[in-house]
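Here the chain labels run A, B and C in written order, and each chain numbers its own residues starting at 1.
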């Protein structure tokens, strides 16, 4: 009951950002699909083939700006993760409500779990569901000349999971009591490093392993910091 | 054990790893920025040119022969082709025979001689590294190959997309319906029967004018395929079973048929890791294994094929090839490059059974490099290089052994990019940022340790931790010291008993073991406890 | 049931190099209204936060309701009501939502009738948002949500800060009503000594992190006194009086602030010093507190030039 009360409170605080992220994703996805409809009419025009190297390396470069959807998904999930972390961990410091929150008849672990659960739910609801709906619609036969790859769907979820890494990185920075020009931003910087390393990956499984390792590094520090931190 | 204590065992190393990674990156970036800024705004790089010594006539002749191209005529006659450039432009081409008699020069009109043309290495296309790059997970999603098939009106009617996970192609018509699968054996309609090609190595593509789809030469670890998307045909050109393809060269395989050179036979030459040399001919497909002598060690081999004859050229030398380990290069250079070596090129004809029949050989003496060039192992004398030497003094001492572990061969810089990005990144970083001025580097490391010692002495809570951090600083130098400082800069105060500094992380002073003093009691204090409320 | 609800032993806290609390030893008995007094920056809030586990002591320990302050269990926290400094609550919540949130942490203990009665008393509606309330109204809501779970121990950090006199009066009356219930204990810190005077049984005075007084209120009131001595001749230079806090003098008069000095000691000294007469000067708790905590040579805030 206590956990549910905490979770409800956190979800209620996250609601405006969750809705904003979902709206941005849904709106832009709709525009992309609509744009493709326009391109489809151009589909029957002669295609130019290079005489020397007609093998194309990019998929859907002309038919659908799927890469833009990916970029949007990345920015939205990272942005949402960042904002949620700030809302949950930095704003209470400014508003000085930590003392009220910590002095609940529940453990600090439960309080932390409530915040984490709310963030994960927010990411899934806003980014995950919109992405899944977009992919389901875009995979309908006859819409695109080649169906979207299953791997693309998995990659979208990897990108959303990276939003979680950004969230935890920001949480760690927010909880740090160091000065901002020293090590306070290291949590966020580490999330950035993880992203750079992800770019070198080919294997989805390895990507997931890297994300999990980053999450373990971040979450273990967050838990330890939160349980021992002074408010 | 409660959660608070349990997480300590994971979070403490996690925090150290995270902080260290970031500081390593920060230090690298700052080093790179300093070197780059000096390179940008400093004076340009200065390469000291060694003065060219005066050569005797005999020496000039040896160098001249060394620099000439050695070409064979189909009858085995060898010609030496000298190319003279003036101001970077080609001026004169002279053709000599083996006795250095001038046979023809470019002023006399067009060259009447038609030399054997050798198969060229298959290049371009998409190799393993590029394929990995395409499949890299980015915000733009991974990409893959797709091959379009057009009709006579030049409209795309089919698309064949390569699925890296499944390792075959899937075909779709223009409405997105699946039309079939192209695997290692054939084009098939049933997914269950599609077989993977094998571990991908390279693909090159070309299109004939009368074709509405490209053809692919698909190379895996031990197979070579030709895939024709218009005819829907997968042909296994070569299957090595348990051997692996090392390199491929081809002659006219992809050339447009309307420009045939009737003299030449179309083929692909494959050299394998186990030392086999195989030719694959087209129209019809035939395979021939060449029995190359063991002493050639598979090096310096080139193939040419006419309609009636097949030739193999071998270039050899007394000199040993340079070692891969860069630290052995100087010794190798002293041993081999300061002496002249007998060098040769020989032509053999390949018989029907693959055996070789010797035709001709040309030998010459390759002069020692010191005859013409002054080679110095000193580093360049310019500001950027000097800056690098000083700036890298703060790098981690581990960079040098890591660089050695990865082979540390700067001559392989074109090779390491073809490997995994991790490998390339590690080699690049350790190569460019490892310390080179060892005395300065060691001094910096010792300085870091001393500062860490001075800082940590008052703050020590246990000997194990204290020693751990000193070793840590020694291993990672500046980045290690910054990490130590970030995680251990706790408050110190003066002990009232002994006057020395002490940290507040422990109850007692590490020097005199005195606890924090009690406050001074005043006569006017009014502490009346022990009386409960009534 | 233990008679001591809160016990601090050598509780010390450094903030970097600043010693905020220096070996605090304190015992709060059950059923007591305990006032924690001190000037700005004395260490009152630090002491309260240490007791509630919101800060980590540099050395020393404290127990609250028998539990180590660094490991307060949820069950113990349920028995403690805490009113934070400034009454910081979730601004986006409505009063009703806040009550619902609070209730979830006190299943079976929440007194809905008490909460509603308090809201009626303070003339507040459940539909009002916290961010629309004034400081005083927010303090009332804070008190209501803290008292409604019927806490055994109430800890309040400067609860009447920023409140007007009428609201403060209501607040204090609520406190007194609560303490009327058996076994309830209140620890509160305050700058408004008239409030402390109205309600506190015992007080503790912290000065620059050090506990300087810990006694019953009436004992403090009786102990700190200011006596004015008049002299026919010169005012004596050296004052040898037990319990001397401060002295002020002019040509003919000497004012001594004393603590714990008996009447006999005063009479004896007056006679020996040649004072013509002496009398006590009335002081309220605020005056006594200021004298008790003032340093020897007090700086004046403003230095006016004599024209």
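Assume contacts are C-beta pairs under 8 Å (C-beta built on N, C-alpha and C of every residue); 3 or more make two chains touch, one makes a residue touch a chain.
Since the structure is predicted, the reported quantities are computational estimates derived from the model, not experimental observations.
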item: Dominant interface by contact count, named by its two chains; value: A-B
item: Central chain (distance from its CA mean to the mean of all protein CA atoms); value: A
item: Centre-of-Cα separation between chain C and chain A, whole angstrom; value: 49
item: Separation of chain B from chain C, taking each centre as the mean of its C-alpha atoms, in whole Å; value: 73
item: Separation of mean Cα positions, chain B and chain A [Å, integer]; value: 34
item: Shared interface positions of chain B, touching two or more other chains; value: none
item: Residues of chain A whose C-beta touches two or more other chains; value: 228
item: List of chain A residues in touch with chain C within their complex; value: 1-2, 4-5, 8-9, 12-13, 95-100, 102-107, 228, 230-231
item: Complex contacts: residues of chain C adjacent to chain A; value: 49, 52-56, 74-75, 77-78, 80, 82, 84-86, 88-93, 100-101, 104-107
item: Chain A contact footprint on chain B (complex, rising order); value: 3-4, 7-8, 10-12, 14-15, 17-19, 21-22, 25, 126, 132, 134-148, 150, 153-156, 159, 161, 163, 165, 172, 174-177, 203, 205-207, 209, 213-214, 216, 421-422, 425, 486
item: Complex contacts: residues of chain B adjacent to chain C; value: 491, 493, 504, 507, 515-516, 518-519, 522-529, 531-533
item: Complex interface listing, chain A residues touching chain B; value: 43-44, 46-49, 51-59, 66-68, 70-71, 73-74, 109, 141-147, 149, 151-152, 155-156, 158-159, 178, 182-183, 186-187, 189-190, 193, 198-202, 204, 207, 216-218, 220-221, 223-225, 227-228
